[in-house]
Each structure stands twice: as C-alpha cells, then as structure tokens.
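Quick one: this structure, given as structure tokens, is what I'll be asking you about.
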Amino acid sequence: MAEKVPKRKPMVGLQPEGDVDWSSYRGVLVVVEQRSGQAKSVSWQLLGEARRLANRLDAPLMALVMGSRVSHLAQEAIHRGADRVFLCDSPELEHYRTRPYSRVCLHVIRTYKPEIVLMGATYTGRDLAGAIATHLPTGLTADSTMLDVDENRLLLASRPAFSEKMLATILCKQFKPQMATARAGVFEALPRDESRTGEIIPVPPQLKPEDIATEVLEFLETTGRVNLEDANVIVAGGRGLGGPAGFRLLRELADELGGVVGASRAAVDLGWIGHDHQVGQTGTTVRPKLYFAIGISGAVQHVVGMQNSSYIVAINKDPQAPIFKIANYGIVGDLFHIVPAITEAVRRRKAGAGEPRPTSAPQTV
Amino acid sequence: MRTTVLQSGNLPISKMWPRIGDEIVADERFDAVVVGAGPAGTAAAYTMAKGGLKVALIERGEFPGAKNIFGGVLYRKQLEDLIPEFWKEAPLERTIVEQRLWILGGDSAVTFGHRNLKYKEPPNCWTGLRVKFDQWFAGKAEQAGAIPIYETVVTELLLENGRVVGVRTDREDGDLRANIVVIADGVNSLLGKSLGIHREWRPDEVSLAVKEVIALPKQTIQDRFNLEDDEGCTIEFVGHMHGMAGLGFLYTNQDTLSLGVGVMVSDLRNKRIKPYEVLEGIKRHPMIQRLIQGGEVKEYSGHLIPEGGLDSMPPLAGDGWMICGDAAQMVNAVHREGTNLAVTSGRLAGETAIAAHAKGDFSAAALDEYTKAVRDSFIYKDLKKYRGVHGLLAMGASDLLFEKFPQALNDAAYEMLLVDGVPKKVKQKAAVGHLRDVAGGNWKLLRLALKGWRAMNG
Amino acid sequence: MLHLVVCMKQVPDSREIRIDPKTNTLVRQGVPAIVNYFDLHALEEALRVKDEHGARVTVISMGPPSAEKALRQCVSMGADEGILVSDRAFAGADTLATSYVLAMAIQKAEDEWGPVDIVFCGKQTLDGDTGQVGPGVACRLDIDQLTYVEKVESLDPVKREIIVHRHLEDGVERVKARLPVLITALAELNRPRRAGLPGVLRAARYQPIVWTTNDFPNMDRSKIGLRGSPTIVSKTWVPEPKQVNTEFIEGDDPAVTAQELLGRLYATDLPQKLGWA
C-alpha cells in the first residue's frame, strides 16, 4: 500500500571539511517573526539586546524580515535598532512554513555571513532555528535568557537547565554563525526611534516547488482558547479547587482583571480544565505581570513555569505550602471565601474612583 | 486478548514480524503467581524461579519498594539462607555495632545499650531503606527468571470450584492463571480478606507507625552517634507517647536518620491522638532533638504493623494458595523483627511450591507442607514465645506501662543518683515505693510483673 | 503497512534532581529515569495510527544501556520493536550530533523493515529541553516537519496525506502535508494508554535491539558524540534563589483581606504596567 518514499538524498548537516576561515563572518542577525504583518514583541526585544552585542563587537546589526506584505516591518526594524534589514516579501511567504522560510534564511546567512544569529524561542522560532542550524551546520542554544559576547567574539548564551535549577552558559567555538533562540519577555526593546536610518536590502525568495508542498489550510486565531504566553494577568488554580466548579470562581476573577485562567498539572490531569491552561514544565512557561496561584502547592514543575512573573499572589490554606516561598503576597485561608471577595473588591474599585480597568488585550507589537 | 501470530516464509529473521522469541501471550499460564514484591513475596518468587518454576511477581508500586517503608533493620541470617554473602552487593546502609534502649521521661531518659565490634564480623544486622533494598532484592528474583509485573494491582483472586486458579489485575486483559498463588500483599492483605481467612484487623491487632527520614551530613551522624565509617547504631525508646502502647526508633543510615514511632491503633483511637502528633512530641524531647537537629526531613510516611502475633495468624495454605509475611501477621513486635519472618516464610512457601509442582499436586493437602514448615521454623517458635505480649498490651494497661512506669523509673533514677545527703537506703525505699504507687499497690505491681514475665517467656 | 518511528529519550525524573549545595553540581544518583513525558504522547499517537490503519511501530532511542527499560515500557504499550542506539562514542552529543545518529538509525530501520512514513518525536525533552532534535532529524532525512502538533485531524495512507493542528502562541494552524513527515507531539495530542497485561508480559521478556557504531558502516565519526557537537557547556551555576519577602495578609474577614490585597497591589507599579489608571 505504501508508496515508495522519495529517493534518499545525502544527509544535510555535513560538517565542512578541513579548516574553515570564519573571519569573514561579522555582525549580528535577528530574524524578525511576524504574523499578518504584525511583528512579535520578542523580535524587538531581541533587536534591543542584539544592538548591545553588535556595539560591543563593533559590527553591524542586521535584521531579516520575511513574509507577504511586510515591507513596513523592515522600516520598523530600523527604528528598533537595526543597521541593515534584509527583506523578503513574497506571496509564497504568506504563512510560515519551515522549508521556504529556511531557504530564505540560509541564503541570507550564507551570503551575508553574520557571526551571530538570534531568533525568539517561540514555536515558530524554535521550528525554524532547529532546521537552519542543522542545514548550516552549526551549534544552536535554545531558550537563552542571558546573552553576551567575550573578547574573542564568542557568543555567551546562557539558559536554564534541569527545571531551571541551574543556568548553563553555552558556547559554539568551531562554527559560525553562532545561533541562539531567546525567550520572550526577558530582554528590553529599544524605544522606537524614527530618526534612525539604515539600509534595506531586498532578497529574492528562490523557492523550489518541493519547498511548498506543505500547505497551511487556515489559521484559527485564539478565541475561547487561552493565550497564556502573551497574557499579562493569569489566575491559576490547582487541586485545591476541588473540581471544575472551582475554576468558575477563577474565571470570574480573571474576567474582572482582564486576565486568563491557568492551572497546575494536577488540575489538568484530573480533567477539571483543558491542557492548554497548564502552566509549568510540561505546560506553558509564562511571565505575566501578575500571577495568582490559588490552591496550588508549588511543586517545582509548576514553579519553574511561573516564577518569573512580576508579582505573585498565593492563596492556600496550608501555611507550609512551598508556593509561599516565591509569592510576593500570601494569603493563608480558604480560597472559596477569599477569591470571591477579591473579585468583589476589584468590581467595586472599578465602579468607584481610581478603579482598575481591565488590561487591554495583550500587545503583539 | 491479543494473540500474535508468527509469520514465516523465507524472510530473514530480522524481517519477521513480530520477532520470534515473542511468545504467544494469550491464555498464558504460570506455575506460580506471587502478589506483592515485599521481602516475603520476593523471597518466594526468587526461590521458585531458582527452582525452575515459571513465576510472575506482581507489585502495585512503580517498582518494588517504591512506597514501602519499615524502620530499618535487616538481619543477616534469614536472607543469607537464600543468597549467600548478599551483603557484599545489597544496598545496605550501616552495619549495626550498637543497640540502645531508652526509657523516656518528660525530659530525661534511663538508658541501656550494648556495643560490640563482634557484630561486624560476620555482620549481624544492618540498617536499610526499602526503596533501595526491595528493588535490589526483586532484581535478584528477576535475574533468577521471575517475570516482573509492576505498577499492577491485583484486584481479586480467580476462583474455580473453591480453588484459587489465578489473579485478576487492574490492567486490560488482566487475568493471569497459575497453579499456585502466593499471597504476600502485606499487612492489609485484601486478598487474605477476600479468601475469608482473616477479617479486618481489630484495632488492637495492629499498630500504626509513622516515620521520617531526616537528612544530615554523614560526618555529623558519625560524630553524634560515635561511629566509624560504615558502623551504625540503633536506638529504640518507650515512654513519652501520651500514655499509649508504642515503640519509637531512631536508626542511623549513611546520610539520613530514620525516626519513627509505632503506636497501637486502639490507643490512638481511644485517645483521639494523631500519630504525627506523637512523632512531633518525640522530636521535641531533648534526648532526641539533639540528635536530629539541623536535619532536613526528606520523607514522611505511615504504615501499619501487625501486632496480633500467633493468635492472629490465619490459616497459611489452601487449594492453590499460600500466604506469607505481614499478610499472615508474621511479625515479632518485641524484637522489631518482620522482614526476616517475611523472607523465611516466602522461602518456605517457595520450596513447598517446588515440591508441589514436581508432584503436580496443588491441593490444600499438598500445600499444607508449608504450614508445617512454618511450625518447625523460628517464626512459629518466636511468635509462640511472645504469645502473651499481645494480651498484656490489650489489657488496657498502656498508660501504666508506657507512661507512668517510664516516668517513675526516671524519677527513681534521678533520686538515686542525686547526691543530697539523704541516705541511700531511704532513697531506695522511696524509689520502689514510687513505682508501687504508680502501679496502684504492691499486689498490682506483682501481678503485672508476673504477666510481663510470662508474656516474654512464652 | 505503514511504518512509524518514534524517537524516545529516557530522562531523569526532574522531581528528584537536586543540586549539591557544596559543589553546585547535579545529584543524579538514585534519580529514577522515565520515558520523556512528551515522547509518551508521540508513542501514543503512533499507536493510535497503528490501531486505526495497521502499522509497524519502531521506537528508537539513543542513550546508555539503562534506556532498555524505557524501551520495554514502550513495547508494553504496543510498540513492535525497540531499538537502543548505544555506544560510548555517542556520549556527549548535543542536538546536532543526536539528530545525526537518530537519522542514521531511522535509515537503518528503513533498510530492515521498509520505508518510514511518519517519524514521531516529543515536543522537547525534560532534560535537554530544546525541541531541536525533531527538526534536526527531519532536515537530515529531508522530510517535512510538523512541529508542536496538538491534533491529528486526518491521515490518508493511500493519498499519503496528513492534516494536523499545530499549536502556536496566538492560535492554531491547520496544515496539510504529504508523507513521509516528521511530527513533534504536544501533550494535548492524546492521553497515553496504560499497557494491558499481555503487553507487560511481552515487555518483561523483550530484549531491545542494540545498535552500536559497528552497525553503521557509513557513519562519519566526526559527526557523533562530543566531537560532532558544536556547542560546549562552558559553565554552569546555580542562580540565586529569587529573594522574596512574602508579605502575608492576615485577617478573618475575607472582604477586608481582599481590600488589603488590592491596596498593596495598587501601591506597586502594576497599575501603570497594566493600565489600571
């Protein structure tokens, strides 16, 4: 029944023979991620950090913008710090697909030889970076949270390891470019500066038919589905909620605060709420401004996924619960009394003066 | 049920699907199935596998020992009968060279003890941790050929015409048929209950033990207990447990201490005290607190211990089944021995199974050889010796025996050793009088002493 | 029959890993090893395809001999074969070297049991935590990759087409691809099954196939293990634990407690950051 697979090609990722002269590789390249012409905020955050690296290397900062009808982003990248922007604008790049996008990336990298290539550690960024690093081939550090360069122009990419119990600095000495993906929300974007100037270099897509065999049928935007990654306020609950009904209390509070509902794995495993709500090591890593941990004990696997929230409020009836160790505000007591009271208090503040208004929808730009 | 069919033809072996060597699984029959991979079940499985029987060893834990606890002393003799020189490879903690007994008063203790380096060569007993030990021991059974079936709960026994013919597990297609089922499912023994050979244990037939494993640096442990590298020390204590019948223990492991108390369930009920409250009280006792201070609690767990002794022992065998270890109340509570009774009973059941297999007879009569073997062993003899202890404890004298006497003994010792000008004779009289008063008069004291003597001497 | 390959890694159970406070190193000793969480979902999806369309499921793992246990677990669930790619020479591999060896092993599995139609990987491992091996394998095999799949909508073995839902931060993408293809699995994809008793019995006796470097005559030694790994871990350190002075809000009246909490939250920069005005 099975058709023959296409004839085997030589494996990619073969390493260059003999000594390669890497000295012609110069500058830092940031791959800008966008959807429908809107850039992901992590791209500008990375440009901000990469600007610092480029200055230390005394080398140009480059950006690569790919997509369909995205030329405005090339200009925007210059406002955000880039010296030179490669722009590949083509209808075939309407949706992200690994092959066509990596084809363009590889072309730019091989032609313009940056010494460092950075991308956001988003789903798309990880998909693309993994492919490119294999093709080149070169080393790739995932999920960096600290970036620096040393006097030998080596990229020092540091990332959490072993459930964030450790940090590791990773180097790639023998190959160029040195590649890393970096987490969203860690680095600061530069203030937008319209007076900045730079060069925009168009690049052709150069696609082959087999590159576009995969077809994106449709994109279903998050509706009714949580977007934990981009949320500013998360109200999360765990086994302490006692059942799916408990999550209704959380949803009310989240609605008042303009936030979304998160959950611990215990609650997800019990089937009280869908897996896309799960925060933690095997769920989603989040960095909201405000995180409520309600009826969550604070097991490491949960904590590693939310400990970088700006403010953490923990509500638990057990004063010994480890979650209190990392919470800014702790309330020891029964969540079934406290959560409705908080919802009510928020509601009243909003009705009265100086009230909290719901946060605006998460920003993508 | 899945039946895999072997394809043949002129394919090379590697291309056959499925591979040969995969036996046809459906309706597979075992010579013996063992329920529970504690010391009893594993000893049985090991013995039978060595004897050439096709054995499955079923354990509900993620792996053997995953959730098992005990105080921590493992003995050489009974295990050596199975695996000579096992201590050279088994994961043991420390070789015990000193055993102490403390009788606790409110903030004092009367202590006894014996240290002897002869206990090292050959070793007499060790401290151990079940997580490591059970896993290792079951590994030996696997090496001998027993088929491990873990993370699997036996939910019931399969019965046909009153005979046990296998077990039902909680997995899909989960029935397993066997000529013999060895029941070694521990103190709660749901399977024993389902057979009707014992009921729910009465509260005075079991004690509830809670235990903490407390981490401390190796060197600190050795300094505090006066030990060299692999030497260990055990402390048992009575008293200071809210007037309940109970025994506490503090054992030295490599870099942890095992601290626990076991209290009679009937007393816990009567006094409405939670076992961890007892443990918390013990941890604050100055004698104990000093030894554990600075340590970090790594584990906390609780478990029942059979205390009924010989009188609570159920029938040990029937058509197609035998029962061993805690499931059959085989614990010598006075000497905190359980694992060795478990191991020996498992071995005896295994040997009986081998003989039954050879004869092809799995009837109650054939398997009753196991009951006889237990009777001839130290298990029966020791339990018989202490037969009366249970009655003594059930007498309701817990408060007296486990609180008032220990305190009185401490007070008396204090008086005797205090140099305050009072003549020794007067002191001695006062001390004895004190003990008598606590007992409620001379007559009562004498009767209690007699009962105690009888209980301990069979 | 379809031939499905699952790439599975055995990883230390992260719950149990501790840091030695003195040496700042990981204490891995005694830490139980488990099948990587997401790889179980990858395997489950392969088994579902097998249940529906009939397929041969081969699980491949690169790792030390102890990984045989994890392979047995996969076999107990229903995998047909478990292959351990194991050799000292593979030690120290980063994702580039790992994907090279895995791709070689998949090709060897094709030689043995026929062309592979779908390779399933987990989203990421709990220890390496990169999610790079899947794309690396796809690249080397020159097949399309569908990462972060949360649902397989349809699979047509005759037309050789698959439609999946890919999870993205801001939505879901429906994608159609042609076989052969590589999929990386999210936990949303399915609930891994519990092995039935026959599977457990089969696994208990099953001996995984072991392939060493000797089984790969064409393997380029410069691309495996430490030598084949461009990345180097130059230093590791334990981050200062986040220092928080937890402010406990006490009181018996929930309404008062709630007011107090809001008051404190308002005193921070949150109103400004969140536009609470």
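Note that the chains are named A, B and C in the order they appear, and that numbering of residues resets to 1 at the start of each chain.
Everything below uses one rule, namely that contacts are C-beta pairs under 8 Å (C-beta built on N, C-alpha and C of every residue); 3 or more make two chains touch, one makes a residue touch a chain.
Since we're looking at a predicted model, the values are computed, not measured.
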| item | value |
| --- | --- |
| Selected pair, greater C-beta contact count between A-C and B-C | A-C |
| Most remote chain, CA-based centroid, reference being chain B | A |
| For chain A paired with chain B, centre-to-centre distance based on mean C-alpha positions, whole Å | 53 |
| Cα-centroid distance, chain B relative to chain C, in whole angstrom | 40 |
| Whole-Å separation of chain centres (CA-atom averages), chain A against chain C | 19 |
| Residues on chain C engaged by chain A in the complex (per definition of touch) | 1-3, 14-15, 17, 19, 26, 37-38, 94-96, 99-100, 103-104, 107, 110, 114-117, 126-127, 129-136, 138-142, 144-148, 150, 157-158, 160, 163, 166-178, 180, 187-188, 220, 222-223, 228-239, 242, 244, 246-250, 254-255, 257-259, 261-262, 264-266, 268, 270-271, 273-277 |
| Residue numbers on chain B that touch chain C, as the complex places them | 1-2, 4, 14-15, 17-19, 21-23, 25-26, 28, 56, 62-63, 132, 147-149, 152, 169, 171-176 |
| Of chain C, residues touching chain B in the complex | 30, 32, 56, 80-81, 112-113, 194-202, 204-207 |
| Interfacial residue positions of chain A with respect to chain C in the complex | 1-6, 8-9, 11-15, 35, 40, 95, 98-99, 122-124, 126-127, 129-131, 133-135, 137-143, 156, 160-175, 213-222, 225, 227, 229-230, 232-233, 258, 274-276, 278, 281-283, 289-290, 299-301, 307, 310-314, 324-333, 337-338, 340-342, 344-346, 349, 354-357, 359-360, 364 |
